[in-house]
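First chain A sits with chain B, and in the next complex the same chain sits with chain C.
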Partner chain A sequence: MATETADDVLSVHDLKSYFFSREGTLRAIDGLSFNLKAGKVLGIAGESGCGKSVTAQSILRILPRHGKTVSGQVLLTRDGKVTDLLALGEESSEIRRIRGKEIAMIFQEPMTSFSPVHTIGDQIIETIRLHRGLSKAQARASAIEILESVGMPHPSRTIDEYPFNLSGGMRQRAMIAMALSCNPRVLIADEPTTAVDVTIQAQVLELIRQMQAQLGMAVIMITHDLGVIAELADHVLIMYLGRGVEFGSVEQIFHNPKHPYTRGLLASIPKLQKGHTLVEPIKGAVPNPYDAPAGCPFHPRCPQFMQGTCEVTMPQVVEVEPGHWVACHLYGGEDQR
Partner chain B sequence: MSDIDNSSRPLVEVRDLRKYFEATHGLLRKVVGTVKAVDGVSFSIQQGETLALVGESGCGKTTTGRCLIRAVDPSAGSIRYSFDNADPIDIATVDKHQLRELRRSIRLMFQDPYSSLNPRMTVFQIISEPLLINKLVQNQSEARDRVQSLLQMVHLNPNKMDRYPHAFSGGQRQRIAIARALAPKPRFLIADEPVSALDVSVQAQVLNLLKDLQHELRGLTYLFVAHNLSVVKYQSDRVAIMYVGKIVELTVTEELFLTPKHPYTEALISAAPDPEPRAVRRKKRIVLAGEVANPADPPSGCYFHPRCRYAKDVCRTTEPPLRDIGTAQQPHQVACHFAEELTLRGIE
Partner chain C sequence: MLDFLMRRMLLMIPTLFIVSGISFFVIQAPPGDFVTAHVQRLEDRGQIVDREAIEAMRARYGLDQPAHVQYVRWIRSMFRGDLGMSFDWGAPVSRVIARRIPNSLIISLFSFLFVYAVAIPIGMLSATRQYSVADYFFTFVAFVGLGIPNFLFALVMLWVVYSMTGQVLIGLFSAEYVDAAWSWARFMDMLRHVWIPAIIVGTAGTAKIVRVMRASLLDELQKPYVMVARAKGLSRSHVNYKYPFRIAINPVVSTIGWTLPSLITGEMLVSLVLGLPTLAPIFLRALQMQDMYLAGGIVFVLTLLTLLGTLISDILLGWIDPRIRFSSM
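This part shows the complex of A and B:
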């Protein structure tokens, strides 16, 4: 989805990542394409099992052992030089230089992504020394500076705390500090606020927004919460069962949604505006991904299901207006606008 | 909205409810402090009404709900419950025998339908268990008839009653949990975050079902414990906002969202991410500094003062009581020294 332009920092082409187990093959991502523009925020939204986290893992080559990226390209552009991350070995020194340095990631639950037996300072310093080659003292000074910039209270003291001594919000700040410590080009945030309370969520989102503006990095914000997307994203990719079903600017997606799934999602969430009193659920539930429906994966739940088409063929991706792409048979014919 | 009966006395009347937990330390479990999880909470719920208890984690909303069914024993206070229009009983002091009867009339439903349903029981066993325990059915065939009609009521196929929970999706499981909760024909349902574990596209299925059931079973009353303000606005008649064990604001839903009177409510409304790109970018978000106070060591004065942008000296020293600043028709309770003077921002 989306046309390639010169300012793409990351572009994903026809990515397929499968999981192999005794129950069969799970096509977690099945032909996904999108572009991330330098300095912009791309929101990836979808329900459980849509493959949004696997997308992040595939980009960084950190899929669990029974998962494998079987085809596609993930092109990272650095100063005019293009590298296909999928051509690098999972353990190669080149991908290690990219992880954390060029593409950093923050996770949903910082408690499980920090090592519990090292102080947060040690973990941030390790990252800085690995990628920036500073001395221990310089790295420590730099870590304190970063902790301060993410709003950590008393950074020269908290740097020596263990993760379990920090509250959820503070751990998330430490996680962000670690991710930003090497000034990455791309930050991938996988449900960064799902485990924290709403007032802390506001703090974390504000922080990501500030840091993004300040450092000019591109962000991939993965979340199930369309409110978070509306707030932060410039562009939005809606995923369903391993595929991108719609891509567009945040205004296009929220004010002129085309795919019946996107429309259904937007209609199914209660809103805070005055006078909003009706929500309309999508019928059924997300199917078992081991047993994905034939044709368009959304067809069993779709209110605009067309017999003889939707359950037979996979819809093509169509550009319905400039920069707005949809994979749906409703827009598939030649005489579409 | 639901059929609220305002004429008679409330179905539930909670007065000065407290639940203190002792914090212990070491092998000998020496008591080192008291966590005031619920600290003097009062509210009432009319028959047929939905009252939402809202707040961040650790504010005491779940503990309050659990006290109401005596899943935990309150430390102090009274919970007067009107059983079938008879004289109210005090749930806080009832004996074991009455408690069993009470739990037929008050039911609890949980957040996560993946862990609240026993995976080794069939749907029929899960739903019929409260019927059999309370001897509300005479035999198996009567039980099957009841389960069949309960499943129809929650829009599930009754032919699937001999299947196990794993065969159902999250939304369907939550409907099974509702059917079980409603099996003994309760009058009062405590729903603790009933949709937060569900995918967004199916949350609305459960919310709408709960609303429809309230309409169908006239007089069914809900205590809706939740943190998501959009869901609360959609679902409830009145809202109580809790902060560190206390209610800080309580009024009818629309009034609360349009004209909040407590700075914490204003901040919560402002912090809620709304799926509306233009609206959210227009408004300047209030980002509260710091974190929720520790209930084992709360601040002096108003518990909210360290995070409050309107705090003055009196807030640091004197705790504001919960008082009514509304009208006779529309009470509006708030615990803030400056509730009348502040002009706070609600939804637009």
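This part shows the complex of A and C:
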């Protein structure tokens, strides 16, 4: 989805990542493409289980052992030089120099994302020393500085705290500090506000927005909450069952949604109407990913389902207006597979 | 943490007295006493013992007093560090125990080292290569190790070594060192003998610790912090070594508390089968002879060792795991 341009920092082509188990093959990502522009924020949204986290893990090549990226390209552009991350070995020193340095990640669970028996400082300093070749003392000073910049109270003291001694909000700040410690080109934030208190959520988002503006990095903001996307993103990718179904600018997605799934997601955001909240959830549930439906994967739940077409062929991705891409038979385009 | 340790050490004192008290009365429970058993033995050899001599003997040992009086006397002398006299050996209990206890400790120590030195790497291997051939192999071996009773294993080992080398591996020393004083040569000679009882005693424990290590590490390997550490750019082996291994070891350390007593009882059984000069044979004899101060003293010392082992495992655990160090407990 989306045409490649020179200012892309990351572009993903036809990515496929599967999990193999006794129950069979789970096609978690099945032909996903998108581009991320340097210095911009791309929001990725979709219901839980649609493959957002697996996308992030595939880019960094840190899938669990039973998961494999079976095909595709993940192109990282650095100063005009393009590297296909999928062509690198999973444990190669090249990919390890990119992880944490060029592409850093913030995880959902700030409590379990830190080792419980090491201080947060230990874990941040480790990253800094790994990529920036600083001495212990320099790395520590740098870590304190970063903790300060993410608004950690008393950074020179909290740096020696164990994760269980910090509040959820402080842990997420420490997580963000760790991700930003090596000035990454790309920051992937996988549901950074899902596990923290509602009151902290706004602070964390504001912090990410601020740091993004300050450091000029590109951000992939993964969330199941379209409200977060509306607030932060420049572009939006809507995912369903391991595929992209719609891609466009924030204005295009929110004011001119094309895909019935995107429309469904937007309709299911609670909004105040005549004094009471109105929610229209998408009917049905996400199908079992072990056997995705034939044709358009959304067809069993789609209100605009067209008999004879939708359950037979996979819709092709078409550009409905400049920079706005949709995979749906309503907008023409037959396909493939 | 310090608080916790102080409390634990204070608790050890009543525990020691309760355990030794119970064992004292259990040892006392069978009808008769040491004098009865002693006279019986003399009469079996055809000697006539007159009643007055018997009563004089009872009075000398304090056996004419009721059991609780004897107990109080025993406990009181224990506070002075005196474990009493062994009737049977005609020597202070402390001296009888002191002569044997190094051997017991050495076997237990070596089987302890064997258990952890073998179990931890195997557990790690099994977890990081889950469902591999090596994992299945060691799982199988571990179950066999758990299933074989120590005494049977000891007999099998005796037979195997005998049929292979023609040597009967009884004892802890070669003939020339049995009664020799401790020296470097005697120590080396013991090392040549100690591995067999150490392995026999340690096998079941090893199997258990392999299971603990494997389960605990499998649990840690799938924790989010492992993926986070990989996302920072650390290599898989570095990540494993620094994070999950380090955390998975905690439940293993906490097993030290229950491994020690089982090693000590295991050592006793194996020593009887292999005829090793440890506490086990004299403990058995003390029970048979109703040599109650000796038997009670041995129970006391073993309880003390067990409690110390548990304490050491708690200290280690607090030292390596900040979550314990920081919680008040």
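In this text, the second predicted complex is superposed on the first by the 325 of 337 C-alpha atoms of A that agree within 3 Å, B and C clash if a C-alpha of one lies under 4 Å from a C-alpha of the other, contacts with A are read in each partner's own complex, and residues count from 1 in each chain.
Following the convention adopted for this analysis, a contact is a pair of C-beta atoms (placed from the backbone, for glycine too) under 8 Å apart; a residue touches a chain by one contact, two chains touch by 3 or more.
Since we're looking at a predicted model, the values are computed, not measured.
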Touching partner for A:Arg22 - first (chain B), second (chain C), both, neither: neither
Contact breadth on chain A, by residue count: chain C or chain B: B
Contacts of A:Thr127 with chain B and chain C, given as first, second, both or neither: second
First (chain B), second (chain C), both or neither touched by A:Val198: first
Which of chain B and chain C A:Glu91 touches, first, second, both or neither: second
Partner chain in contact with A:Lys81 - chain B first, chain C second, else both or neither: neither
Touched partner set for A:Met105, first chain B, second chain C, both or neither: second
Those residues of chain A which chain B touches in one complex and chain C touches in the other: none
Residues of chain A touching chain C in the complex: 57, 60, 62, 64, 91, 96-101, 104-105, 107-109, 112-118, 123, 126-127, 130-131, 162, 164-165, 178
Of chain C, residues touching chain A in the complex: 222-225, 227-236, 242-243, 246-247, 250, 320-323, 326
Residue ranges of chain A touching chain B (in the complex, touch as defined): 47-48, 167, 169-170, 197-203, 205-206, 224-231, 250-251, 254-255, 264-266, 268-274, 276-277, 279-282, 285-286
Touch list for chain B against partner chain A, complex: 56-57, 169-172, 199-205, 207-208, 227, 229-231, 233-235, 257-258, 267-281, 285-288, 291-292, 307, 347-348
